[in-house]
Amino acid sequence: MINISLMGAGRIGKMHAEIISAHSNVNLKYVYDINKDSALQVAEQNKAKIANSPEEAINTDKIDAILIASATPTHTQFITMGAKAGKAVFCEKPIDLDINKVNECMAAIKDIDIPLQIGFNRRFDNSHAKVQQARLKKEIGELEMLIITSRDPEPPGLEYLNAAGGFFRDTTIHDFDLSRFILGEDPIVQVSAFGDNLFDENAKQAGDFDTAMFVLKSKAGVLIHINNSRRAVYGYDQRVEVFGSKGMVISNNQTPTSIESFTETSTSSKQPVLHFFIERYAQAYKDQFNHFIECINNNNKPKVTFEDGRSALIIANAAYESHKQKKTIEITYE
Amino acid sequence: MINISLMGAGRIGKMHAEIISAHSNVNLKYVYDINKDSALQVAEQNKAKIANSPEEAINTDKIDAILIASATPTHTQFITMGAKAGKAVFCEKPIDLDINKVNECMAAIKDIDIPLQIGFNRRFDNSHAKVQQARLKKEIGELEMLIITSRDPEPPGLEYLNAAGGFFRDTTIHDFDLSRFILGEDPIVQVSAFGDNLFDENAKQAGDFDTAMFVLKSKAGVLIHINNSRRAVYGYDQRVEVFGSKGMVISNNQTPTSIESFTETSTSSKQPVLHFFIERYAQAYKDQFNHFIECINNNNKPKVTFEDGRSALIIANAAYESHKQKKTIEITYE
Amino acid sequence: MINISLMGAGRIGKMHAEIISAHSNVNLKYVYDINKDSALQVAEQNKAKIANSPEEAINTDKIDAILIASATPTHTQFITMGAKAGKAVFCEKPIDLDINKVNECMAAIKDIDIPLQIGFNRRFDNSHAKVQQARLKKEIGELEMLIITSRDPEPPGLEYLNAAGGFFRDTTIHDFDLSRFILGEDPIVQVSAFGDNLFDENAKQAGDFDTAMFVLKSKAGVLIHINNSRRAVYGYDQRVEVFGSKGMVISNNQTPTSIESFTETSTSSKQPVLHFFIERYAQAYKDQFNHFIECINNNNKPKVTFEDGRSALIIANAAYESHKQKKTIEITYE
Amino acid sequence: MINISLMGAGRIGKMHAEIISAHSNVNLKYVYDINKDSALQVAEQNKAKIANSPEEAINTDKIDAILIASATPTHTQFITMGAKAGKAVFCEKPIDLDINKVNECMAAIKDIDIPLQIGFNRRFDNSHAKVQQARLKKEIGELEMLIITSRDPEPPGLEYLNAAGGFFRDTTIHDFDLSRFILGEDPIVQVSAFGDNLFDENAKQAGDFDTAMFVLKSKAGVLIHINNSRRAVYGYDQRVEVFGSKGMVISNNQTPTSIESFTETSTSSKQPVLHFFIERYAQAYKDQFNHFIECINNNNKPKVTFEDGRSALIIANAAYESHKQKKTIEITYE
């Protein structure tokens, strides 16, 4: 039985608490949140205790691992604490919004050998994973183009936007990571970014975008297009398309059931696509956590590394630079 | 240049007149209809002359072929006249509603060698033809089940119903023929029919059904299901499914464009299916006529024969018998 | 915490054991099987004990409910034992293959008020349930036709066939129940059945069919078509179509992911459909059990009753009579 | 009856000859081509005469209109000749590869009032036109993103590439025009282009690209993505997606029939998409020509103007500039 402390009891923390509780070989031991009420509620619902401080949650023999789902600015601190205490660490994306803090954290833990996994959940989605396999096994021949459509169902509030670190670092970072996942050994070396303000007053006020497009290029010359929106009224639009010398594979949207309706006005109409990430990526969130537990049990290195979290942030930062300078930016990762 | 007389200038006659006119090697010479105004209108629109009698239209050196699209009771008379005059004959389905008249006609023309084609247009539909090919080439292995869904968009009026000879002989006859087409050498030997009155007052008044289901069996044991309705509000529903030892092929419905809409209430919604037979089978009607002309030019026997028309009627008659007796009827074709 | 005894530790018993174990408010207490090794294995995997006799499993204060997944001939005995012991009872379909035994069981338990649920899992499938809702809420207007396609991926062995009670009572019984579920208050009053032997030598040897078609009629005149096969090489084909005065809703097949492939030979090709009932109806099996537990907790009558199990068997029996007599059989349920 | 001279008897000229011949109110009078054999062949097949010089084809009272399908460098010369002779002019895209020649031609004909139409056929495709209507009628609310996927089935030869004027001016020009068509009054003001050499040695030798991506922006802020390839092994990939505040509409690919196959390895597999432009845009080519004839008959201005041809070329030129400078280029149209 693996005992876990959960850091952070907000929306995403609650979801993780349920996944932890449902796992037959894992026990949720402590819940920590600066908001004690939130911690208490999640702890009670999942038969765990609350910790009164990060130290109480992390620096204890009673746990084997920590899952960090707290506010982004606390991530690197908790990663470092967890690593130094010899705990396995799972940390939600992004590691941090500031590359300097990420680099400092990397330096602080570089000699510590623990399972450390970053929460790029989409890598664990069965459909997206099939797309990655299609590239890896060359079912599509040589990869030539990758196209990711990634649109949220509705914009978040102003408070969220002010803390999120900007559209590219908050949202597109998933798509940058998914691109890296599909490209495998072939690194992304260029980015051109196009941010836009078309409908969301909150985004405008927060100095953020609500719509964006990107073109990236890999070292081998693969062209990558990403498009994002904060509002797709038909639901969480998540499509991935790989195109190569021998064909194309698309990971398409998903609907809650397999029903189709035929009326006077339409044919083969399906239900709206799954609403948002908790519904769309339920299987991925679960399997991502299963992978983390397996890595702990078998002392393996998780498939999504600190370096993956850092690289995605570097691309996001370069994307901001591209938007500002209205030109293509070359990316270096050192 | 092949010269043709068109017998019948109603809705289906008009459609044939346009197909004839559009053919670069065919000339519409005469139009005959008991309603002279109708004949005149179709003749004028297609630069043809009207004939004042069937004899004038058929018994003349100026034409090579006749296309019969007149009222059903006139079919056998015109077929016989055309055959005796040595003309190639294309006749709309059904040959007649009365099997005795069909047999008499068969006897009258049995020694005359002319191209004679019955208007089972669906055999020429590219999608249905692919299904037939899938069976013929054993792409689905051995055929085990055949399922035909065939529903009109809206019920006809009482006048039409009173003249049409009943749902099975007017509508299902197409599906009986399509079944025979797909089964090829394997004859249909049993039929069980289930007629129903669910919504159409006119059908009830005409002593006819508005809804029906059938199960047929071939000599080799293939099970066939057909379902019919006089009203599918989403359009002309025309699906054919063949199922066999190695898989399944479906000829699916068709929409006027390839657009798909995504809204708050639906995903991948297409336009309603093509409305009715003139839209859905436009390609088939054209290619059916092309085939007739090719048969004339090359002195070939058309693929859809008098015998095909007769056999479909025999099945329809057996279906009525089955409905009446509430049991399975064995079919004989002699 | 509800404690349960599992009767039967075969393939379907194992599946139920896992569902029981995964439920957070239920405890698998005992496992009974005439094959002690099977019982032991399932008990160990799910931290339960084995019972050495049905009595030990059922007549004990330590349990609240029994789940019957044993061989069909034991069902009525265990139902009766469970009911007399005051336990909630969940019983896999069919109740029994012999209507007399079913009637005796019904008489034996008629005055005992316990939650008793029959395992018609498909009623709990989210997609099929949406189809039922579409009829109930008249989204398709008045129901006129219902079409069920239900094909297994591969035929079972001879041993299974010899015990299963025949294709109609073993397999189609699910489709008869699903028809009853969708029809709601409108009873099925006629059946015509067409069994066939097309490919499976084992079926022939067992005196059973491998292929079948049915047409049923409800009191209100709704026509129902069912088709079955023991072998669909592309996977477990499970489609339900309701057609009515205002449109059509189809519960379509499901694939393991949402990927689509495009190659030189095909477009939009999806993965094969989910292989068999354990994969296709995973959600339904789970929700069926959740419903049973909720009924125990809230002292409600389960949605799938003993009467439902009995009625489906009566239809299956009438179907055999129809096949034998080659005619439509009127169904009475008393 | 409108009489037409066809300038150019190559592949696309032949196609136009057939469309002209099939039109019931149009007569193909002359065919001109520098290759007399080609001219002769097309003339014979379509019952026309050959012209020995452009002057003979254009400066004659016997014709009302010219259709220019000759080599690109001759376009402006023939447009000018046709306009000065008072003929209606239909000219294949592009007007010319050199913007100076286009501007000179514009100046030369600016005071002549004749129907002049440029061959951007895709505007006449029924599916793409529905997408444009969805934007115009605000079925998708306010347009926010437009995504065009446009890939040829196979790369052309070196000779074609050397004459074609480059990927952006030869191929993407269609997508630039389609973008302008869908945007309507909202002009494209920025372009960022990313050319790539991934597989085609001929392209490399010709100094051309085989793969490309683009991001454009309209004055109102709409973001537009285009991606192109010279080789999609599954056929001519032509998709258009408009995304807005109230939903999304996609003009999807088309297959030759509506059949779907189900095998051990795949589900719902369709035939490969229509091979190339002649198949995919057959309806569009025909309706584009019908529009031209209607404009002549009704003395209307064609919907696709000289200015449209010029603007698309200006965008293509800016795209080359963007690729060279690796930055976003602002577009001006004067």
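First chain written, first letter: the chains are A, B, C and D, and each begins at residue 1.
As a working rule, a contact is a pair of C-beta atoms (placed from the backbone, for glycine too) under 8 Å apart; a residue touches a chain by one contact, two chains touch by 3 or more.
Note that the coordinates shown come from a computational prediction; the quantities given were computed from them, not determined experimentally.
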A correct list of chains touching both subunit B and subunit C reads A, D
Max Cα-centre separation from subunit D goes to chain C
Two candidates, A-C and A-D; the one with more touching C-beta pairs is A-D
Could you tell me the distance, in whole angstrom, between the mean C-alpha positions of subunit A and subunit D?
42
Hey, how far is the Cα centre of subunit C from the one of subunit D, in Å?
58
Subunit D: positions in contact with at least two other chains:
232-234, 246-248, 253, 261-264, 271
Would you mind writing out the residues of subunit B in touch with subunit C in their complex?
142, 144-145, 147, 149, 151, 192, 194, 196-199, 211-215, 217, 221-223, 225, 227, 229, 231-234, 237, 243, 245-248, 325-328
Which residues of subunit D touch subunit C in their complex?
232-235, 253, 255, 261-273
Subunit C residues within the subunit A interface of the complex
21-22, 24, 126-127, 130-131, 134, 139, 246-254, 256-264, 271
